[in-house]
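First subunit A sits with subunit B, and in the next complex the same chain sits with subunit C.
Up next is the complex of A and B:
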């Protein structure tokens, strides 16, 4: 197995490019894909102040690393979700990455700063864990970006993530969601611009980037996300990709290029009478935003250990 | 397990309707679904002269039976493809069905009438078997409908068939194909109106219809279609359907309702300078139509036994 570029010994195969790469040329390939995504979708410039949503996993550390590598300025934001050991360990990876590189990592703790954690919110709301978790992160990322004067919020969503969400929305042709599934969401009143520079890289490739760049990251998947449909959609796409390499890329990028423009008129209206939340000031359609409502429900609930949720999360 | 309607013992469960049915009420459910598809998409009326494309399998015999049962007038057309025993046996099922019910079955034989068969055409064209087979059937069905003065051509495509084709086209967002994937294609110069009354029934349900109505049909799948991607797409959808009953129906019907209208402008132009084929008179963009070209290539090739193709068909 030889590198496509230099014919030296390859360390990784990339079936959808029908190519193998040595370490330096694999890293170059990743840089090219990210550079191209940033350029094709006008994600950011070196004049931007970027905030990266950091989980301590491979994708968020890879994108933070790559932005620095490519000359962009980016701070990190870590939200402590209180999912037992999983969260404790993920925080350590995020802090180690930042301190070794002299990068600024902002930290928020759901429990310390808002009086709840994801297991407790799950029990309090009686919904799947990913619901309270996603709502909390979206709100806190948006708020930190706006409050900190950042011009763009960066997330580590990779090709597998985006293709799996697209797959789920396509199975039921949820036009409102499909219309918004883009690698860039522009800033609008009270919300920051959001970008996903890793949409042209698979999760296997972001993991390889971390390994080859000496980045330690949390390998485990979230223990309470197990059994969610998103993971089932990833498995379905992986089976198709194994048969026909390149299908996943074509599925996602052809959608973005050919179909999303046709759906532009079907997105939910952006500015449906948004007003500031009476408690936190974030834009919302009601009096109290969904996050402040969650805080009010979850913070008065007796704390729930993550082990109690694990069984729940794997239930369909 | 009790019938949803009469609470007598049920003989079949229909998970996507979350219901079980006894034999008479299952047949009623099938009639309702077909009646609804015919009405929703203006497929045909009792004033139409319908021609059913009959293969001897469950779907084509079920749709022929159901049309008669619902008061429509329909003759059958069987095309002998020359796929060894498979074709011999399928012809017997088609003939038995027609003669037992006093229905008119038109027969065409690729070998006797056009000097080739599907295995030979496969070898002559060096393409997958389904390519020559599909081209031959489309041409001969269209021609027989036009020449016979039929007002509508009926095929037995069921929900699984349509959802699998949609799935394949969606994975690559083939807009030109997606735009034409409708349960009705209107008549246009030289082509008959084409309709698919079974799009609201799964293949398990058309099989059950046949069993309960005492219709003998060819159970075996085509021996040279094995390994084609269509079957892989069916398997992928079945896995999703087993997890979330109703997904397949939502995928297909939501597409037809919500998305197909958005793509209307993306279909390949219908009348791109069509002119009569110099040999057979069918509308074509070139001098010789694709079917007459196939005949000219395949009919001079030495006959090829089906066994020689079976290995080829299972290759990806």
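Up next is the complex of A and C:
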């Protein structure tokens, strides 16, 4: 196989583009896709102060690396979830990435700062692990961005992530969720602007970016996410993609371009009776926000070892 | 060739030579969900892997519910 651009030996095939690339031209392709996503959806400018939600996995480290490569200024935020060795190792990857590049990494620990961890919250709430994990991360990312004066919160969600969520929401015709599934969510009272610069790159491509850029990342999957619906949707879409390359791209990007505008009226109103949480001040529809409620339940629960939760990602 | 797989981490010994796409098909692995790395270098689908190569098949699927 030869590179589509220079005819030198290719290192990767990209079936959705019907192309093969050498390392430099693959990296150029990734830069073009991210540059286009940033421009098309008005994500950020070099004047922005960006905060990247960093997990130590390939996507968050790739997006942090690409933003720097493209001339943007971005700090990182790592949330220690307390998922046993998995979290310990993921923190090491995030710290190593930041320190090798002289980047600022802010760290928050659920256990040290809020008195619980994801396995314990899972047991305390009797819900799937991804529920407490996602709630905690969303709240803490938003809060850190607002408190730190950042103008935009960046996440590493890629094309596969977005296509999988879209697939799940479409199977159930969740119109309110579909209407909000955009690459950019604008800032509003108490919430930062949120952007997803990797929506035009598949996760195979973000992983290849990391390999070719020499970025060490945590390859292992979260031990308690195994079997969740999101991963099942990804597998289903990849089975289709293998037969019909480009389907994921068309599914998601055509949704954003053609369908999302038609659904605008179905989104929950942004000002739906939001008021400050009586405990933390974050916007919420009740007295106590969902995060503070989670803290109140999980922080008084006996700590639970990750081994007792492993494999419970599937819906119970 | 020696083939390293992840999640869970394990090693297989597989006869070579064999092309990347054939190796993935033999292992029932989707090309869209994996990178193939030979001796530390990415290789594309039609690359021929030799009997003495050390090959990592790295899954790229990640993420819990959002």
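One rule holds in what follows: the second predicted complex is superposed on the first by the 312 of 316 C-alpha atoms of A that agree within 3 Å, B and C clash if a C-alpha of one lies under 4 Å from a C-alpha of the other, contacts with A are read in each partner's own complex, and residues count from 1 in each chain.
Everything that follows uses one rule, which is that a contact is a pair of C-beta atoms (placed from the backbone, for glycine too) under 8 Å apart; a residue touches a chain by one contact, two chains touch by 3 or more.
All values derive from a computational prediction rather than experimental measurement.
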item	value
Touched partner set for A:239, first subunit B, second subunit C, both or neither	both
Partner chain in contact with A:19 - subunit B first, subunit C second, else both or neither	neither
First, second, both or neither for A:172, with subunit B first and subunit C second	first
First, second, both or neither for A:231, with subunit B first and subunit C second	second
Partner chain in contact with A:10 - subunit B first, subunit C second, else both or neither	second
Which superposed partner A:258 touches (first subunit B, second subunit C, both, neither)	first
Touching partner for A:247 - first (subunit B), second (subunit C), both, neither	first
Contact breadth on subunit A, by residue count: subunit C or subunit B	C
Residues of subunit A at both interfaces, subunit B in one complex, subunit C in the other	229, 239
For the subunit C and subunit A complex, residues of the former touching the latter	6-7, 9, 30-35, 37, 41-47, 58-66
Interfacial residue positions of subunit B with respect to subunit A in the complex	170-173, 175, 229, 232, 236, 239-240, 243-244, 247, 250-251, 254-255, 258-259, 262-263, 316
Subunit C-touching residues of subunit A, taken from the complex the two chains share	1, 10-13, 15, 20, 23, 57-59, 128-131, 133-134, 157, 160-161, 164-165, 202-204, 206-208, 211-212, 219-222, 224-225, 228-231, 234-235, 238-239, 241-242, 313
